[in-house]
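Pasting a structure below so you can have a look.
Chain naming follows the written order as A, B and C, and within any one chain the residues start at number 1.
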Amino acid sequence: MERDTLVSFEGVVKRFGNFTAVQRMDFEIKKGEFLAIMGSSGCGKTTTLRMLAGLEAPTEGTIRLSGKPINHLPTWQRDTPMVWQSLALFPFLNVRENVEFALKMRGVGKAERRRRAEQWLDRMQISEFAERNIAQLSGGQRQRVALARSLVVEPEILLLDEPLSALDAALKVRMQAVLKTLQRETGITFVYVTHSQSEAFSMADRVVIMSRGVIEQIGTPQEIYRTPRTKFVADFLGSSNIFSGKVASVSEGAMEIDAPSGRMRLALPDTARRSRPVPGSTATVTVLDTRMGLSVARPADAVNVVPAKVIGEEFVGATATLYLETDHGQEIRVQMGHEALENLPVGIGQRLYAHWSPADGHLVAEV
Amino acid sequence: MRSRLSLYGLTFSLPLLVWQLLFFVFPLVFLVALSFWTVKNFTMTPDFDTVNWVTMFSRGVFWQAYGTTFALATVAAALTSALAFPCAYAIAFKLSDTARRWAVFLMVIPFFTSYLVRVYSWQIFLSDAGIVNVMLGYVGLGPYGMLNTKGATLVGYLTLAFPLVVLLQLFSLAFIDRNLIEAAHNMRCGRMRTVFEVVIPSARVGLVIAALFAFILSFGDFVSPIYLGGGDPTTLSILITDTTKSGQQWPRAAVIALTMIATLLVVAFVAVRFAYAGRASKEVGK
Amino acid sequence: MSGSEHINRNRAVDWGLKLYVLLAYAFVFAPIAASFVFSFNSDRFPSIPLGDFTLDWYHAVASDPLVWEGLRNTLTVGVIVGVISTALGFGAAYTDYRYKFFGKQVYLALALLPPTIPVIILGLAMLAYLSRIDLSGNALSVIISHVVVCAPFAMAVIRLRLNQMDPALEPAAWNLGASEWQTMRHVILPFCKPAVFGALFITMAVSFDEFAVAWFVSGLNETLPVKVLGFLQGQVSPRINAIGTFVFVTSMTLVILAQLLLTGRGAKARLAAAGQE
């Protein structure tokens, strides 16, 4: 185990009756990092967090905190405070009493309790609401109380279970900034569970992507976005076009694939050498939708060209996404600015040519 | 891990369990044993003799009381349900939210008034020189002998069961999706037909359970048949109080009580089956 | 749902139904109101037209030492029953809220069934059983029997309150370092406080009015309702009205207190709720 590891999951499995929520999980959380665990509902992300918090016991394997196994430590004997999706603020206590709660449970004296709570109320800019009831606060203010309540014991790690899901879009962005700043300033390890790609990618240093109780990929947001490791990840992020086919040839630095839509060529980066694909095997290639080009006539110089007809379009802010379908039923999405779009005929049914450079194709590990 | 019963959990779950075993289950079980005991010279001796069962079941008065009680309770259940339904329906669909809350609150009040006092009060209304006869006299009618009749007994049963039945019906009506009713109207289902084709089937379980409670309450009540019905004809509950309080024949009273419990169990089982009967087949279709 | 539903409504039907509701409430409240009115009426055989206003019946009741003894018994029994039932009901409600275990259905049936058994049968069973274990014929036997009937009401009231609790609240307290006992003391109980008092008052009120089981098991320690039963058996007497009115006022005070605790929770909370919207 490395020196800067705070938490390690070693072969952790969690079953509920016949249902396996988490299957054989091995990963580490580094001291001081902002880690996001992401996946759709039922993927095991919340179970993972709850095992770390001590609210569920692993069926198999060991979870270590600072090197010590904590499997059988009840949650009230761990310092793994959590911010809940519902926030779970105590409605019968006022803001100050909520923040003091953890200190009171630890037997901290009244004066000291008040002093430390004051400090965090101040830091979260909620001092003026100290005597208010929880019901009198706005959504954003409640978030701050929940954070102060968890952080008042100055833990090494903070667990967050989709804490922003109840907020509206504008407030969400503001709270993301608050969280990120807080994490950077305090140096406390944040483990943040979410199903939202934008939350995970905008705040986290590293992202864990889970599906059906299995970790699909761990990496920085950049790595995951550019080079999804599995087809699932590419699918889940939804910003890549995915082509599958048989490997036709492999040469130094490049390979060719026969997909239903035609032959495709892509550059093989050095990192892929170790697991160089064998001709005849199946391979999957992803191409980011921002890297796709469209033209009315077949481009003469392009290597990868797929004819397709337009089936729909979608506008979000300054960018537009065109949805096309090849003759083989494969869906292709292309993202472009409005200027680029203006020069294209994009009526439903319009035939166009999608093309991309071999350097933008990315080979994923087939699962 | 947190859901296993620990010392902490047992502290909260055990007391009620122990109490209800000791003072609810055991007394009822003891009642079964008691029904096989024998009484000699006004003292009971533990025994295993079917004499009490044979004696009671071979008495005409017992079966007469059984028939009376069952018939009265059935009529009471049907009458209470029929009279309560328009009331519950109106509260559920025709009143404003505020009025509905008040209506519910007012319907709860009778539960906390003495049933005995209310029955006594009905005597004031129904006696020969009572309020009802005086009022009828003003328009040149009567007087009618209303007290000490089966009708008066039914008034007592209604007093007992009506508020509960209205609340239970109201509760089940409150859960009907209003869109169902509008959809029915939209498909040219008339107002009355909608009540019978949509509202009642939707609230079926609640309506049956409400009628069941009216039956149970009426079946076991001894106050109305005595103080409004005049004790004649005798009901099973009167038979129990007489046998226990004056006759000291507890084992025989136990036989009556057990017969009543058995009857109630059968009625409850049939009612619940009936309540959910339509539902099961519908859910298969889903 | 109210006035805005327009074209598909028939005014005559609506008014007819509303009139019916008024009649129904008149039927329900006629005996209660009559009892109240006639408790101040001088006639020995109450009817209309009303006689003179009098407090004689209250005097008669108040000067009857047996009534006072009955009242004392009722209050003692009611308070003790309220406390025990609420404690047991709370435990059962929390058990149902928190735990899953084999045989839970049976547990819940035991916890909730007693009020559905006719009181006369319960009374007989209690009398036979308690006299067998030498517990019958005293106030204790009434308390024991009443708790059996009242605990389910307490459980229902408190269980409904626990339903309103954010399921994350209890684990959140553990997560902040509170042990299970500490969480009970600092989170669950404070959250359930209004329901606990509500249950206390409701179970007391139920016990105050219960007469059948008490009549069977009480022996010489008769409670007030049992006394009323005695009056009924003897001769028709407007004293019943006086006692009835008194018991009604007492019960209603308890119920309204419970109601305020369960729904209102004071002006402070209402203000808070308004701020939330």
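We adopt the following convention: a contact is a pair of C-beta atoms (placed from the backbone, for glycine too) under 8 Å apart; a residue touches a chain by one contact, two chains touch by 3 or more.
In this text, all values refer to a predicted model and were calculated from it rather than measured experimentally.
A.B. asks: Going by C-alpha centroids, which chain is farthest from chain B? Tell me that one.
C.D. replies: Relative to chain B, the chain whose C-alpha centre sits farthest away is A.
A.B. asks: With respect to inter-chain C-beta contacts, which pair, A-C or B-C, contains the greater number?
C.D. replies: Answer by contact count: B-C.
A.B. asks: Where the centres are mean C-alpha positions, what is the separation of chain A from chain B, in Å?
C.D. replies: Comparing mean C-alpha positions, chain B is 59 Å from chain A.
A.B. asks: As a quick test, compute the distance in whole Å between the mean CA positions of chain A and chain C.
C.D. replies: The separation of the two C-alpha centroids amounts to 54 Å.
A.B. asks: Could you please state the distance in Å, as a whole number, between where the Cα atoms of chain B are centred and where those of chain C are centred?
C.D. replies: Averaging C-alpha atoms per chain gives centres 18 Å apart.
A.B. asks: Can you list the chain A residues in contact with two or more other chains?
C.D. replies: 55
A.B. asks: Return the residues of chain C touching two or more other chains; collapse runs of consecutive numbers into ranges.
C.D. replies: 171, 180
A.B. asks: Check each residue of chain B and list the ones that touch at least two other chains.
C.D. replies: 2
A.B. asks: Quick check on the complex: what are the chain A residues that touch chain C?
C.D. replies: Against chain C, chain A makes touches at 53-55, 74-77, 79-82, 84-86, 88, 90-93, 101-102, 104-106, 133, 135-136, 149-150, 153.
A.B. asks: Touching chain C in the complex: which residues of chain B?
C.D. replies: It comes out as residues 2-3, 5-6, 8-9, 11-17, 19-21, 23-28, 30-31, 34, 83-84, 86-87, 89-91, 93-97, 103, 105-110, 112-125, 127, 129-131, 134-135, 158-159, 162-163, 166, 178, 182, 185, 191, 213, 216-217, 219-223, 227, 237, 240-241, 244, 250, 253-254, 257, 260-261, 264.
A.B. asks: Show me the residue ranges of chain C that touch chain B in the complex, using the header's touch definition.
C.D. replies: 1-3, 8, 10, 13-14, 17-18, 20-21, 24-25, 27-32, 34-35, 38, 45-49, 87-92, 94-95, 98-101, 107, 110-111, 113-114, 116-122, 124-130, 132, 144-145, 147-148, 151, 155, 171, 180-181, 184, 205-206, 209, 211-212, 216, 225, 228-229, 232, 236, 240-241, 243-244, 247-248, 251-252, 254-255, 259
A.B. asks: Write out the stretch or stretches of chain C touching chain A in their complex.
C.D. replies: It is residues 166, 168-169, 171-180, 182, 186-187, 190-191, 193, 268-269, 271-273, 275-276 of chain C that touch chain A.
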